[in-house]
Amino acid sequence: MSKGTVVLAYSGGLDTSCILVWLKEQGYDVITFLANIGQDEDFEAARKKAESLGAKKVFIEDLRAEFVENFIWPAAQANAVYEDRYLLGTAIARPCIARRQVEIARKEGAQFVSHGATGKGNDQIRFELTCYALYPEVKIIAPWRIPEFYSRFHGRTGLMEYAQKHGIPVPTTPRAPWSMDSNLMHIRQNDTELFKIGSVKKLVLSSCTHIISTTNHAPADLYLMTKNPEDSPNDPDVLEIEFSHGVPVKVTNVKEGKSKDSPLDIFSYLNEIGGKHGVGRTDIVENRAIGMKSRGIYETPGTTILLSAHLDIETFTMDKEVRQIKRGLDIKFAEFVYNGFWYSPECEFLRHCIAMSQVNVEGKVQLSIFKGQVYILGRESPKSLYNEELVSMDVLGDYDPCDASGFIRISAVRLREHHRLQGYHGAKQ
Amino acid sequence: MSKGTVVLAYSGGLDTSCILVWLKEQGYDVITFLANIGQDEDFEAARKKAESLGAKKVFIEDLRAEFVENFIWPAAQANAVYEDRYLLGTAIARPCIARRQVEIARKEGAQFVSHGATGKGNDQIRFELTCYALYPEVKIIAPWRIPEFYSRFHGRTGLMEYAQKHGIPVPTTPRAPWSMDSNLMHIRQNDTELFKIGSVKKLVLSSCTHIISTTNHAPADLYLMTKNPEDSPNDPDVLEIEFSHGVPVKVTNVKEGKSKDSPLDIFSYLNEIGGKHGVGRTDIVENRAIGMKSRGIYETPGTTILLSAHLDIETFTMDKEVRQIKRGLDIKFAEFVYNGFWYSPECEFLRHCIAMSQVNVEGKVQLSIFKGQVYILGRESPKSLYNEELVSMDVLGDYDPCDASGFIRISAVRLREHHRLQGYHGAKQ
Amino acid sequence: MSKGTVVLAYSGGLDTSCILVWLKEQGYDVITFLANIGQDEDFEAARKKAESLGAKKVFIEDLRAEFVENFIWPAAQANAVYEDRYLLGTAIARPCIARRQVEIARKEGAQFVSHGATGKGNDQIRFELTCYALYPEVKIIAPWRIPEFYSRFHGRTGLMEYAQKHGIPVPTTPRAPWSMDSNLMHIRQNDTELFKIGSVKKLVLSSCTHIISTTNHAPADLYLMTKNPEDSPNDPDVLEIEFSHGVPVKVTNVKEGKSKDSPLDIFSYLNEIGGKHGVGRTDIVENRAIGMKSRGIYETPGTTILLSAHLDIETFTMDKEVRQIKRGLDIKFAEFVYNGFWYSPECEFLRHCIAMSQVNVEGKVQLSIFKGQVYILGRESPKSLYNEELVSMDVLGDYDPCDASGFIRISAVRLREHHRLQGYHGAKQ
Amino acid sequence: MSKGTVVLAYSGGLDTSCILVWLKEQGYDVITFLANIGQDEDFEAARKKAESLGAKKVFIEDLRAEFVENFIWPAAQANAVYEDRYLLGTAIARPCIARRQVEIARKEGAQFVSHGATGKGNDQIRFELTCYALYPEVKIIAPWRIPEFYSRFHGRTGLMEYAQKHGIPVPTTPRAPWSMDSNLMHIRQNDTELFKIGSVKKLVLSSCTHIISTTNHAPADLYLMTKNPEDSPNDPDVLEIEFSHGVPVKVTNVKEGKSKDSPLDIFSYLNEIGGKHGVGRTDIVENRAIGMKSRGIYETPGTTILLSAHLDIETFTMDKEVRQIKRGLDIKFAEFVYNGFWYSPECEFLRHCIAMSQVNVEGKVQLSIFKGQVYILGRESPKSLYNEELVSMDVLGDYDPCDASGFIRISAVRLREHHRLQGYHGAKQ
C-alpha cells in the first residue's frame, strides 16, 4: 500500500538521490522533477539515474525561457537587490521551479512534494511558501527537517554509506558535493559549501574559528561562471542594450556588430560577456530569512550588467518623485522575494505597481565591460525627461533664474524658524 | 558710502574674480573666502589675486580635516548615495564651506554673502540653505540670478571682456573654464562643463543634439583624479580598513605594511589607492533638486572604497531589522543632503539616529582594489552577529530544524487564505 | 489694446471682485469662472455681479458630481489624511477647480489665469501647480503676490475703499469677510480667518499674542456645517455603507430604510447625517507646504464617516502585507496632494497603484453616528479574508498549534543572538 | 524527582489554575507569578488559590507604575497605533509582564516558564519573544500548543471536569470565562471571547456563520471600562495636559481645578475621565501576527485621550520634515510591538530615535471630553514653531510673497516637463 505520491525536486546529485530511495523506503511513490534553469548538468544522465533508482515518473523540463521572462525580467524592472548587494539569483529561481513542481503534483494527483533543502537555509522557505501559495492543500516532506532522516544521514559519511548500500552512484569528482546553487542567473556558494569545497580541495582551513570563517578569502578556483579579472581580456567589450517597458529587447556588441533579441538569448549573452570579463563577483555576509547571518559568495555576471543598464535608463526616463516612490517599492520587493514570498499578495501587488512604472522606461544604454567592472558610456531615449536646453547654462529658455531665489527662500522658511527657536549655535553639526 | 560688506565665496577663477570686481562696482566692501577642501589650487596665487582685485580682506582656510571628520564620516555612516549612484561629493562639500563662510560673515559683521553658483544648479540651493539655516538674517547676493549680471555676462565672452577691462587675469590654460567642482571627495563635471571642456579641447562635438549629449561618451582625458583602468596597475592593492563606530580609524596596505590613522590621512590614502586603480568613475543622469535632469560625470575614488567597506562591516555587525530601518533613514538622508538640507532639523535628527545605529559597527574589512573595482575579501569583528556554529550545516547546536516547518507553515497561513479567496489559477504570475 | 485675456477664478466675494476690476484696469480682458463644488453661494447673484463689473464672459459650472467621483472617491480609496488629522477638503478641491479653469482658458484662447489666493498659503500652490501641469505655457497672475496690488490693498480698508470707488458691492453681513473655504467636503477656517471672524464678531481677542492665538478656543458659532454635539440628537443614526472597488456605491439609513446610490447623493447624505450629529470637527495646527505652521479649524462630516467605513472594509478584505505597503503609499499620496501635486507624475502613479489595491475592497459596513462620533458596528464582505473557523479557539481546522512554537523559536533566533552579544542586562528598556 | 522549576504566568482564573495543577502532574515544581498591571482582580484570593493548588512559591507584584512609565509612555511618544486603529493595550502589557517573569525565573533558578495563551493568538508570541530575548536559554511550556494538553482540555467542559476532579474552584459568575485581556490600558475582547461571552450571556448567536460573526454588533453590556456614550454625562470635562519630552507630566481638570502629576495618577485619571464619557471604544478586524484576521473590541479610554493630546502638541512643536520621518518610525514601531518585538534590537533602536525626537515636545494641550469624543481646544508651548506673525495675512514680516512665485514655478519645472512628454490630455485624471 502506497502512502501516496510525492513529487520530488530532484537535482541528480547525491542527496536528492538518497532522498528518492528513502522516500520509497518510507512507502511513497516518487515522481522526480528536474528543472533546467540553466545549471550545468547532464540531464539525460540524471533521467537515467532517477529511473534506475525507482522513480515512478521522471519529469525534466527546460524552464530557462520562462525563468528569464517571468522571473528575471520582473526582478530587473524592480532593480532587485537584497541588502544592497545580493542579486537574488537563488531566491528568484526557487519559485520558478516550485511553481512547476506543484503543477506537476496537481496534474499527477500527488498529495506530497519533497525537496532536499536544509533546515537552516532560505531555500526551504522559498520552496515551500510557493507550494503552499499555489497548492494550499499540499503536504510537504522536507527530509532534512525530519529527525529520523537528518540524524541518520548527518554528515557526508552517512549519505555515502546509504548510497553504497542502495546502489546510488557516488560522485567521484569532488565538485559541489552538497548543494551549491547554480542557475542561469548565478552561482552561489555559501558558508557550508565554502568549507566543504575547501576541504575537498585540500585547502588548509585548519582553524576555521568564528572569525576566520568570514575573513578567509575565497579561493581563486571557487569561481566557475566568471573569469578572474586578473586574467580577463585587456580590451573591453562595448554593449548597447535596448529597453522597452523596462526590460531588454535587444543587446548588441557594438564592436562586433553581433546582436541578440530573444529574452533567453539576450540574457545568456549578457552572462557570456560578463563572465568573460569577470563581472559580478561578490563576497558578502547577509541576513537570512530565519534571522541568522550567513556568508555567500556569488557570481552573477549577466544580472550585474543588466542592473547597471536598467538603473541608468530608468533614471533617464522616469520622473524624480515617481522614481523615489518606486525605489521604496523595489526595496520591499527584494526583501519579500528574498524571504520566499514571490507568490504572495504583496509581491503580486508590487509587481503590478512596478510594471506600471516601467511604461516609459525605454531607450538604449551603451556600456563598456572590462576587468570586472561595468561602465555606463551613454544613453538615449525617445521618452527621456532630460532636456538639454533646460539644463544648459547658456540657454535660459523658459527658465527664469530669479525663480530659484524664491524657491530657496521659501525652502528656508522652516530652517530659519528652527534656528530662531533652537539655534545651531555656530559650529554645531 | 558702502552698501555694506559681502563675504564672497571666492574660487580664484575667472567668474568669482569678475563677481568680486562687480560687487565693488555695485558699492559693496568685499571680503573673499576661499576654503581648501582638497581641490587642486594655488592658494597663495589666489590670495594675491583677490588682494589685487580689491578684496578688503582675504580668508583662506584649510577645512580638509573638518571636511573629512564632520562631513565625509557622517555620510559614510549613512552609506550616503543619491539615486543609487551619486556619492554626494559636491553636496557634502557645500555646507562645509558655507558654514565657515557665515561664521566669517558674523565675525566680520557682514550682512551679505555671495557666491558664483549658477541659477539652474543644485549648488546655489545647498549654499544658501546653509547660510539661511545658520545665519537667518543674512542677505544673499547671487549674481548669476540677477538679470543685470547674467544678461551682461552671459557666455564666456562677456566675462572675458569684463576681465580684460578690469585687469582681471584671464586663464590661458583651457582647463575647467567654468565651475567644475573638485574637492577631497571627488571631481564632478556636469552637462555644461562637459561641453565646455570638450569644445576647449577641440573635441568635435559638432552635433550636440538632445540625444547626443547624453549618449556622447566622456572623453578619456576628462578624468583627472583616477587612472584609466586600462592603464592602471596589473597588480591589486590589498587594504585592511578598521572601523569603530562606523567610521574608519585605520587603513593598512596589507602587502606594503604601510598604515594611516588620522581621518584626513586615511581618507587621502583611500583616494590615492582608488585613484591609482581607476576606482570610482560614474557617468549618470541624475534628478536635480529643482526638477530637471542633468548629466554628471564623477570620480570618487576614496569614497567608493569606503562605501564598500562600510556596507560590509555594517551588515556584518548590525541586526537585520535595524539594518532595514536604518537603510530607509540612509536613503532619506542622502535625498535631503542632495537637496541642500545638511543643516536642517531633519538631517540633524537623521544624523543622530544613524550615529546611534553605529555603536557596534566595528571591525576590520579586507579588500582588494584592482582595475576600477573594489572586491571585499573578508571581514572580522568582535561585535559580529555572525555565528559560525548556528549557520553550519554540520552542527545543529541550539537550533531545531523542525522549528522551520512551523515557521513556514505559519508564514503560509496568509498565502493559503489568499489563495482560498482569490486563487492564483495555476501559472498566473 | 488688450494685454490679453485672463480667466479669473471668481468667488463672488469682495476680493475677487476687486481683482476683476483691477485686472481690467491693468488692461486685461477678464473671463470669470465660478465652480460650484458645493459651497453655499448664490450663483445667479454672482453671475450678475461679475457681468456688472465688466467680465467679458462668465462661466458658472456645477462640478459637484465630478468633485465627488474624480477627487473625493480616489482620496477615500487612499484614506487620505494629512499629518494624521486633516482630511484635505481644500487640497482636493483646488485641482478640481483649476483643472476646469485651464480647460476654459485653452478653449477661450486665454493666455492668463488669475486667482485670489494669498501669498502665504497652500492654495496658491495647489492652484498654480495644477495650471502649470495641465497648461504648461499659461501665465499666472496672482495679485496678492504683486507688490503694487498687495501694498495698495493691504488690509480690509484698502479693498473697501477701492470697492466703493468702483461700484463693487460691499458685503453688509460680516460673515467670512475673507476667504474661508467651503465646499462639499468641508469648511475650513484658518489662522487669519479665525481672527477676522473673531474681531468682526466682537470677540475680545485683545491680546492675540503668539500663545493665545493657538490656545484660544474656537467660538461655538464658528461652525457652520456641523451641529454642536451638545445640541445634536440623542438618538444615533445607523448607516450601512456598501463599497465596491473601495468606493461607496450605496448608503442606507438602517432605521429609516432610506438609501442613496449615486456618488453625489451618497456623499451629500453622509454630510447631512454627519452634520446633524456634529461629526468631523477638528482643530489643528498643521505644517503648510511652505514651511510655516498654521492653525486650521475644520468641519468635514461626510468624509469623516467615509474614512472610518473605508478603513474598516479595507482592513477586512485586504491582505496584511498589501495593506502595509498600501498604507505607506496612502501617506505619501496625502502629502503630495496637500502640497499641491494632485496633477503630477507621482500622484498619477500612486492613484493607479492605490486603485489596483482596491479591486477586492467590497462589502458592507454598518456604523452608528452619534454626538460627534462614528462607531463601526460590524461589516461583511464576499471578499473577506476573515476566516471564522481559522480564528476560532474551538476549531483547529487546518491549523496546527505546534507550528506556532516553531514560528516563535525561529523568530527568536535573531533576538537570542542579539542578547548573546549585547545583552539586555536585566531591566534595561 | 522534579523535572525542574516552572515560573507560570498565573491569572487566578480557571485555565491557568488547571495549568498549574497539570504542570505539577507532569512533574514540575511550579512558581506562580501574577502581575498587577491594573486589571480588576482580587489578588489576595488569587494568592490563596495558587498556594492551595500547590504552587511552590507565589509572586504577586504591582507593576502598574512601571507599566505606565516604561511601556505606556514610550508608546505615547510613538503615537503607537496598529493598523490605524488598535492602540496596542495588550501588546504593550505582555513584555512588561514577561520581563518580570523571566527575572523571577533567573532569580529562582527556574529553567522553564509557562503561560496560558492559546496557539492561534498574538499573545503567545509577545510573551515568548520577550522571554527568549531576555533569557535566551529558557525553555517555554505552552500547554495550549501541546497536543496532550489541548486535546484533553479542548473546550470548556474538559477544563471544568478537570477542575472539579482536582479541587480547582470553578467561577460561578460567567464573566470572562476565557482570556479576556484587561489592564490599565484597555479591555480587549476578541473573536472567541466575544462569542463565549455571548453564549454565556444567553445572547442568541445561533447562526454564527462567517458573515454574522463580524457583522454582529457588540452587545451593550460587553463594555466594562467605558460608559455607553448614550448614558454618559451631558456636560464635557475639560482637561489640560502638560507635556515634557513628549510625555504627560501633569493633568488638570480645568473646571474642577483638580490635578495629578505622577505618571500612574495621570494615566489613571485619564482612564477615569475617558471611561466616564465613553471614550475609546473601537470594534475592528485586525491582522494578527500569524497571518489571520481577527475581530477585536477594545476600550482604551486614557490612551485615546493621550494620543489625541500628544499628536497635537507634537505637531505644534516639531519640524514638518522631522515629523514625517518620525511618523514613519512610529508606524514601524507599532508593527513591531504588535508582533511581539518590544524587546528586540529594532524596537530598542526605534525607541531611542523616537525619544530623541521628543526633546522639544513640551507644552500644554486643552481638550474637552464629551460623549465618546475628544476635542482639542487649544495648545501652547514655549518650544512651538508656530509663528503668528509669519502666518498672518496682515503682517508680511520677513516674508516676501514674490518668493512664492519662484517656489511654485520651480516646483512646476518637473510637471511641465512631464506634460511636454506624456501630456495629460485634458481631463485625464
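For reference, chains read A, B, C and D in written order, and residue numbers begin at 1 within each chain.
The working rule: a contact is a pair of C-beta atoms (placed from the backbone, for glycine too) under 8 Å apart; a residue touches a chain by one contact, two chains touch by 3 or more.
Not measured: the values here are computed from a predicted model.
*Asks:* Chains shared as neighbours by subunit A and subunit B?
*Replies:* C, D
*Asks:* Taking CA centroids for every chain, report which one is farthest away from subunit D.
*Replies:* Relative to subunit D, the chain whose C-alpha centre sits farthest away is B.
*Asks:* Roughly how many whole angstrom separate the Cα centroids of subunit A and subunit C?
*Replies:* Each chain reduced to its C-alpha mean, subunit A and subunit C end up 45 Å apart.
*Asks:* Quick one: subunit C and subunit D, Cα centre-to-centre, how many Å?
*Replies:* 31
*Asks:* Subunit A to subunit D: how many Å between their CA centres?
*Replies:* Result: the chain centres lie 40 Å from each other.
*Asks:* Two or more other chains touching the same residue: where does that happen in subunit A?
*Replies:* Where subunit A meets two or more other chains at a single residue, that happens at 290-292, 319-321, 324, 341, 344-345, 384-385, 387, 390, 399, 402, 404-405, 407, 409-418, 420, 422.
*Asks:* Going by the contact rule at the top, pick out the subunit A residues touching subunit C in the complex.
*Replies:* Interface residues on subunit A, with respect to subunit C: 290-292, 319, 321-322, 324-326, 328-329, 332, 336, 341, 344-346, 349-350, 352-353, 356-357, 410-415, 417.
*Asks:* Would you tell me which residues of subunit C are touching subunit B in their complex?
*Replies:* Touch residues, subunit C against subunit B: 319-321, 360, 383-385, 387, 390, 398-400, 402-407, 409-411, 413-414, 416-418, 420-422.
*Asks:* Under the stated contact criterion, what part of subunit B meets subunit A in this complex?
*Replies:* 70, 74, 79, 83-85, 99, 103, 118-120, 124-125, 128-129, 132-134, 136, 140, 142, 144-145, 147, 150, 154-155, 178, 191-192, 208-211, 213-218, 229-230, 234, 236, 281-287, 290-295, 311-312, 315-316, 320, 323-324, 327, 331, 335, 340-341, 343-345, 348, 351, 364, 366, 370-373, 375-381, 384-394, 399, 401-402, 404-405, 407-409, 411-412, 414-416, 418-420, 422, 424, 426-427, 429
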